[in-house]
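First chain written, first letter: the chains are A, B, C and D, and each begins at residue 1.
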Amino acid sequence: MEFVLYPPIAFVVYLVLVGVLSGVGWALAVPAHSHEDATKVSPYASGEAGETHQAAPGYRQFFVVALFFAVLHLGMLLIGSSGLTLMTGAYLIGLIVALVALILG
Amino acid sequence: MSVQMSGMWAEVLEKVKTWARINSPWILHYNSGSCNGCDIEIVATITPRYDLERFGIKLQGSPRHADVLICTGPVTLQSRDRLKRIYEQMPDPKFVVAVGSCATSSGAFPGCYNVVGHVDEVIPVNAYIPGCPPRPEAIIDGIVKLLTSLQPPAPATAETHDAQSPAQAAAEAATNEGESA
Amino acid sequence: MSAEELLKKAESLLSGVGQGTTRPEPNRLDVVVPASDLVAAATALRGADWGYLSTLTGVDLGKDANEIEVLYHVCERDAVTTLRVRVPRAGGTVPSLHTVHPNAMLFERELIEMFGVTVTGLADTSHLFLPDGWPEGTYPLLKDTDVRAAAAKTTGSEPPEMGRHGDRFIVPVGPQHPALKEPGHFEFAVDGERVTGATVRLGYVHRGIERAAENQTYTQNLYLTERVCGICSHSHANAYVNGVEQLAKIPAPPRAQAIRQLVACLERIHSHLLWLGVAAYEAGFDTLLMYSWRDREIVMDILEQLTGNRVNYSANILGGVKYDVTAAIAPVIRRGLDKLEERAKHYLHVVTADTSFLSRAQGIGVTSKEEAASLEMLGPTLRAAGVARDVRIDAPYGSYKQFPVTMVLDSAGDLAARFKVRVLEMLESIRVIRVILDGLPEGTLSVKFPRRIPAGETISRFEAPRGELFYYLKSNGTDKPERVKIRTPTICNWIYVLTKAVGAQMADVPPLLASIDPCFSCNDRMIVVNRGGGDRRIWTRENPQRLAGAQTRR
Amino acid sequence: MRALINLLFFPGGLFLILLALAYEWADRKLLARFENRIGPRWFQTVADIVKLLVKEEITPATSHPILFGVLPVVAMTGALTAALYVPLLGMRPALSFNGDLIVTLYLLSLLTMAVGMAGWNSTSRFTMMGATRALTQLFSYEAPFMLALLGPAVVAQSWQINQIVANNRGVWLLLTQPFGFAVALIGLMGKLEMPPFDAPKAKTEIVAGALTEYSGRGLGLFHLGKGIELVVGLTLIAALYMGGIANPVEFFGKTLLLLVVLTSLHAILTRLRIDQTVGLWWRYGALVVLLQWLALIVWKGVTA
């Protein structure tokens, strides 16, 4: 029965379990008659009538952070896997320089 | 479709549901035109001296998270529809408390033209707290009265249930129910 | 420069334009001006930097005179010049002054919807106060309008069709929002995290107090004016009572004046402590909210022992005060004040030295002295920018001559400076209360006050915790006032907040909104400030006008 | 059979939910005491979760209904699975294999991803902004946080949690790698969106961030997921940095000590704007950890 604890299988088992818990909640909850009430399901816009069309906030800052994440994440995985050798030291210094350049840029 | 179970089981579940609703009422505050005397008293009930969190009451920002709508002010014409929309957007078992004599009977503004008057003309109200403004103790008393009114009238109140610690019972019921359903 | 010299200077400035000048009261000058010369008169005054446009009052002279009189009150320290313009009741037109005074735009919008006077040259004339569905063509403040029927006809108030914003990403901070204690609707066009456009729609708390005040007796109105705003209820009642006493020419006894000043100072302390907590909560510093509101309970207890109620303590009656500061209460007040002083000093340290707090307050919404003066802001926000304008010191009323107040000024003009100014004002109020308690004059508490007030009109200015409160009262000899005009301080600060919000980070907008200590129930105005381009321009005086002019009609 | 019990009751489902609720109660009570309020009663968090479970769930019209229902379930599952490989309360984890440290961290990030997806799923402007902020913050603290946690792993030459703990028994890595500990702690605050890093659910700007549209069950499951994430995060840092697992009571004391540190930081700091938090991680978080690694290598070179 050991295999049940392996991550992917455990994930699926939990998925089912939490789904059952959610089902229990659905069964116990007040019967939702919200479908026939339009204002109840209308999006919340702090009191005013909500917008019904999709619009995206500017993502400029988000992309820059994503770039930073990619650079550092790759570096992290590499360093993590290699022991504390001089080679990783050199690589580390390279990474730091790249980071500083990114920040100043 | 609520799950039909044997009598005793359903009764325990009903008690757990009421117990949970009484002990964690999340409130949403809406000022529909008040002079903000009542609103600062409502915020005062959350600060250290009166501290509503002792009763599990938390001030929530979105109507989706709230159970009790605390409404102040004599509902001006402009905020009449917004009040109705906020009330509609709250999920069920929801309650409304009208705080202040403006909300209960248009208080000091009967002669004003832009005022609907009292809140229950717009949405159904469960509890009224008179006062201009009501003291924080009066507001707490009003909410506590609203909560005790949810208690099932049957004499067997939640005490018998407490013998088995509620935490265990509640979580047990939720998970076992998962097993047997 | 005393009031006399100021008025002489104003008279000389307006000599070419005015048709006739009168001096109804020692510190007031009335100049009758034809509608055509109004802009010239206003520019003459503004050119010589004579004062700021405090407000604009419309008065319906009734069916027989068939005229509406529009009064432009320009105040400079303790002198008030009023430009009086008469226009026919139906179809009267007045030129817009918003090119000279930016705030005039709001007052004119109120004039349009309340009296039906058309103002030429104003871009946006949509409703300021009244709900969206208000029937066209009915003007509530005209004497013969049946307001009950008009209110009944008001249909659902929905803004026009959805998608009115196109694809712009608009964040609505609507009537129900954790950042707003009171209902108001803000819409911020946001690009990423930066705000590029801001509009505000208030009017959610407009109850029609000015109309109701016209058919209630003077004593009934006292309790109505106290409930204009719950936080500064004493300021409103005090301003109203000062005005009525000026009309009846029966001053309140000195002991009553001193007690009124004492309660006003207590109210300033409780209002600033309340604001300190709420503004910190807006920036995300909940602990300061809890601490400042815990200490605020000390002031509330003092107020309760002195006047019997925590909020709306209605200490005033016409001609005096209800409650006395007896020998029993005075030591209680002193003990409370000592504790408050120690706490206020602690908050002064927090507000000026807490690094994490300063990172959210320093350098936000910075306002230069000229900018603040040109936008004609009011209250601690103005004094935080370095402009020395405080009605208690410029035009002392009641017992402020006896117990003078020193003005608190700061030059930084950013959010942190406003925190600092308000906490210092608290310490100043504590000092003044102690001086009053020591030198409380003896004498009766109130004087007999007649039911009917002789005909006349007067202006009563009062320094509420948020800024200068302006009351215009007109009596017609009966026991009901002819006209009660209330202009509250928050309205003059709205243009400032919105122009500062454009270009700021979205996260800084709630603290910015809270920094002027807005009291929606006080004013209820709508302004549209929408700068799509979002380019950084060097700030000059005509910016607000061009900005205000370029609104989008909603 | 033991595995099933592990999964369902002991270190897995039920025990973990109660532990998460206990930690969350401790956090709320501590914060209330810092603000000299009395704070919630002991069964408050249980009452909250049960109430949310039995409340009506409104599916907003402008969001994808299936996605709206599934995302909370995925979020909580991610957190539950991550907790299997972590020595809860100092007891042996249900399963440990080489590299379970990385798997746990990625499963925890799954929860934040689910919150982000939930935000983008509806047209309400608050949820959109909340989701963008949540993911920006995730990407800005994730890498330095992992680097900080890999510090002890590298010293112990293995990526298996109980091996790391075994090798570092006794020595408190808190002392030898102080910067790594600080970055890990602040990274945990960023992951849990505790103030001062709660820009993604800033109450006064965007109501409740990505969870504004959720009511009833969805909100309850997200809430539980966050609580479990708190437990897993505290246990990880306590195990790696504070001298491993002696006995459950002592280990529980260590995690509570960490919780006190977190809550006190929560009470005394103002919420940072999203660009300030990202700036904090760029300038200080990442560089500090890398420099500390450099120091490790130099120190290793010298002594080896």
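Following the convention adopted for this analysis, contacts are C-beta pairs under 8 Å (C-beta built on N, C-alpha and C of every residue); 3 or more make two chains touch, one makes a residue touch a chain.
Computed from a predicted structure; not experimentally measured.
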item: Most contacted chain pair (by C-beta pair count); value: A-D
item: Chain B and chain D, separation of their C-alpha mean positions in angstrom; value: 32
item: Approximate Å spacing (C-alpha centroids) for the pair chain A, chain C; value: 47
item: Length of the line joining the C-alpha centres of chain A and chain D, rounded to whole Å; value: 13
item: Chain B and chain C, separation of their C-alpha mean positions in angstrom; value: 35
item: Multi-chain contact sites of chain A, meaning residues that touch two or more partners; value: 17, 21, 24, 28, 30-32, 34, 40, 42, 44-49, 51-53, 55-57, 59, 61
item: Overlap residues in chain D, where contacts from two or more other chains coincide; value: 13, 35-37, 53-58, 125-126, 128-129, 203, 207, 212-213, 216, 274-275
item: Residues within chain C bordering two or more other chains; value: 158, 169-170, 172, 174-178, 183, 190, 193, 290, 294
item: Chain contact graph, described as a line, ring, star, complete graph or other shape; value: complete
item: For the chain B and chain D complex, residues of the former touching the latter; value: 16-17, 19-21, 23-24, 47-48, 51, 53-54, 56, 60-62, 64-65, 67, 89, 91-93, 165-167, 170-171, 174-175
item: Residue numbers on chain C that touch chain D, as the complex places them; value: 169-172, 177-179, 190, 193, 280-287, 290-291, 294, 354, 356-357, 359-360, 505-510
item: Residues of chain D that touch chain C when the two form their complex; value: 34-37, 125-126, 128-129, 195-196, 198-199, 202-207, 267-276
item: Chain B partner contacts - residues on chain D that touch it in the complex; value: 13-14, 17-18, 21, 28, 32, 35-44, 46-48, 50-51, 53-58, 126, 203, 207-208, 212-216, 219
item: Of all residues in chain A, those that touch chain C in their complex; value: 45-49, 51-53, 55-61
